[in-house]
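What follows is a structure written as structure tokens; I'll ask about it next.
Going in written order, the chains are labelled A, B and C, and every chain counts its residues from 1.
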Amino acid sequence: MDYLQQFCQQTLNGMSLGSIYALLALGYTMVYGIVKLINFAHGDILMVGAFVSYFFLRRWGITPVTLMLSFLPAMLFCLTLGVLIEKICYKPLRDQPRINTLITAIGVSFFLENGARVIPGIGPNPRVFPTLSAVNYTLFGVNISQVQILVFIVAIILMVLLNYIVSFTKIGKAMRAVSFDKGAAYLMGINVDRVISFTFVLGSSLAAAAGILFASSYPQIEPYMGTMPGMKAFIAAVLGGIGSIPGAVLGGFILGVAETLAKGFLSSQLSDAIAFGLLIIILVVKPSGLLGKPMGEKV
Amino acid sequence: MSKKMKTLVSVLLVALFLIFLNILVALRVIDEYTTQVLTIAGINVIIALGLNLISGFTGQLSLGHAGFMAVGAYTTAALMMKLNFPIFFAVIGGALMSAMFGFLIGLPTLRLHGDYLAIVTLGFGEIIRVVMINLPDITGGPAGLKGIPTYTTNFFWRPVLSFALVYLALALVVLFLSNLLKSSHGKAIISIREDEIAANAMGINVFYNKIFAFTISAFIGGLGGALYAPFFGYLSPNMFNFQKSVEFLIIVVLGGMGNLTGTVLAGIGLTYLQEFLRFLKDYRLVIYPMILIIVMIYQPSGIMGLFKNKEFSITGLVERLSGKGPSREESSDQAGDVQ
Amino acid sequence: MTVLETENISIQFGGLMAVSNLSMELKKGELIGLIGPNGAGKTTVFNMLTGVYKPTAGKITVCDHNDERKEIGKLHPYQITALGMARTFQNIRLFKNLTVLDNVRIANHLNVQYHSLQAVLRLPSYYQEEKQITEQSMELLRIFNIEHKSEELAKNLPYGEQRKLEIVRALATKPHILLLDEPAAGMNPQETLDLMDLIRHIRDRFDLSILLIEHDMKLVMGICERILVLDYGRLIARGTPAEIAHDPMVIKAYLGKELENDA
């Protein structure tokens, strides 16, 4: 009986973490779908978003309203940063072998992390992210905190918004066209550069939101906080099928639950290894992921 | 001058040069601090050469080379401290263990597409590091491993011996890679980078060759780590993190992927830069990725790309000195004998 | 003697049957052509024959160097090449950053006897074999008139010479069956005529059996002894050039759609 309750509790916690991973994985999957790049720096955008919100909340104090308001400057700042990075670092390399862009992305990631570390206001030491007073509700014998409710609500709203944009707007259609065949889309009159920038806008905004939610759930923030979540979100995207938006969401939740259950029932250290283990299994068994389509190279 | 003569003279020249350097070191004409930096540089170059083999020449990006360095270092330390192996055998043992890891890791991962391979090698690098932290009996755990026996307890000869062994190893590695890459086997490896599907169609067992290159690359990376353990005397798992793997990547990229000369130059240059920029403390950490980004955007073929990716060739030098121009076979090679 | 034979091979991609029930044979010393409208599945057939795709049904048999028949449906491309069947690619897949000579030498690799150890130690066997390989490679380049470009990087060659190099490279694997995928694509009439002579020449000189895909009808009608016609993945006609030229099914396949559209 106790195990069942524990299991449900951990599953709920896992879903909460999974929502954050899902938001982050969406950015990875969209960018990969469009430009076939694993944006190593994506996890660090999460960190930037968390810090922007942190400074906003330091200035205006922490209340439910200010917390919600902080999403705006964070997302705006991050989407600008994302577009800048794309234009300066990735765009010039579009015709080069993919290995080159991957290496550049690593460079950008390190630059952001270590850059944040040397900036005096941010510094190498962890800071405490402001939190609202902890309020817990109990639902069917399972604890759910205010923060977790916030995470769910924000994540769902953003995912619905994203779905609307991708499925029902003109630019969304353009995104899908470019991810299928960049050359053909270009010939059809689609401004490919604009579409790529827009993808980074979407991905970075989601990453910023994920950053705030992550910081609210685990209130210690520091320059390297984005590395592990970034890795896990990437694994989630691959798990669900890289390039597939529903896949990213599915992968995010699976990974979040798996990691939390592993932490709860096995060991904390092992949970990281399990994430990588899942990656290796998926890549060996079904590289296209749960919801992805196998993409062969045309010979 | 016949080929055999050329090779003999070249080897002799290299040997004389190394002996000359060692004399300078022994006489302290090259001071101890510089010797130490150069020794570290030599180790970095060795590991970077290993990385270049798999990433630059075979085209398979590997982001976990610090892991191989770690395996080599810890194995050597364990062999010396627990099993009282003499240094020479401990070093070889470390490199061999690393090669075995490379082989085992390569088997499942080298089937993967390039992007995924990079992530998985990163993962393995991290897993190795976490495992090292959790084996305190062998590795001293997170606090690190102290008191590793060094090359000799004689204070006078220690820097000389370290320097000599590291650079001897470096010369052998360079010779090995250079000869391998000029041969048909080496060219088969390079063709995989150029076009895997065409290489397959031309009768090349792509998977076998990838494993071959990866295992050798792991051996060389482990060799660097194995030489490092007795030199530095202290090991800690956090020395072998992703940041370290990226440092090796920067060396390879800066020098030119697929160019041995470049790796040697960039390795020595970057090690010196590290020392030189010590005063910048944490700002150093921002400069390295900036170098990487700038190189990738403006000169992705690295330093040697400016020289059309030529390799420095000792035998070419010998020919020029003996009065003849380079023979057709020498100049057609992409990888020559390199100092 | 039949050197290459397929029995009812098919391949399916998702819902699409790209090739269905193809049965054909190539006899020793023959020079036959595979033609068909764009998208008919010709390169897909090549990809099945050379192990890039595995057929979802049917059997493929090849004669190896010792004239033994081997089934190859499940083999990898490099294994099939080792048995003696080589191919060129429609979109040219040269090793761009390597020299012309190196491109050819690499194709020799599967026949190399020395081990990597002997290479590293630079034993005499290494030097001997390397010299042999270089000579053989230069000889091949000479036949195709590009030996003066041996030190050039493959990516710097003009298009026509790149196409030639594709063929030279395939020849260097010492095949007895050669599959050429649109060897004349992008060539002008004079180059095409030269190529026709070259193909006949290498067939005789190297004792090859050749199957080629082409759109250039002059070349196909000019040198092919037999022709297979593919449309929508099915074989719709086979015969001599004369028979094919007058076959109503073939005419319909090539021109029929235009007539339908006009009507």
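Here is the rule we go by: a residue touches a chain if its C-beta (ideal position, glycine included) is under 8 Å from a C-beta of that chain, and two chains touch if they have at least 3 such contacts.
Please read these numbers as outputs of a predicted model, since none were measured by experiment.
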| item | value |
| --- | --- |
| Central chain (by mean CA position) | B |
| Most distant chain from chain A by Cα centroid | C |
| For chain B paired with chain C, centre-to-centre distance based on mean C-alpha positions, whole Å | 41 |
| Centroid distance [mean C-alpha coordinates] between chain B and chain A, Å | 35 |
| Distance from the mean Cα position of chain C to that of chain A, given in whole angstrom | 47 |
| Numbers and ranges of chain A residues touching at least 2 other chains | 299 |
| Residues within chain B bordering two or more other chains | 197 |
| Chain C residues counted as touching two or more neighbouring chains | 52, 89 |
| Chain B residues touching chain C - in the complex, by the definition given at the top | 3, 7, 176, 179-180, 182-188, 190-191, 194-195, 197-206, 212, 328-329, 331-332, 334 |
| In the complex with chain B, residue positions of chain A that touch it | 36, 38, 88-89, 92-93, 96, 98-100, 102-104, 106-111, 114-115, 117-118, 124, 231, 234, 238, 269, 272-273, 276, 279-280, 283-284, 287, 297, 299 |
| Residues of chain C that touch chain B when the two form their complex | 50, 52, 76-78, 81-82, 86-87, 89, 93-99, 101-102, 105-110, 112, 114, 116, 119-122, 126-127, 129-130, 133-134, 150-151, 169-170, 172-173 |
| Chain B - residues contacting chain A, complex | 55, 59, 61, 63, 108-109, 111-116, 118-120, 122-123, 126-127, 130, 134, 197, 243, 246, 249, 253, 282-283, 285-286, 288-290, 292-293, 296-297, 300 |
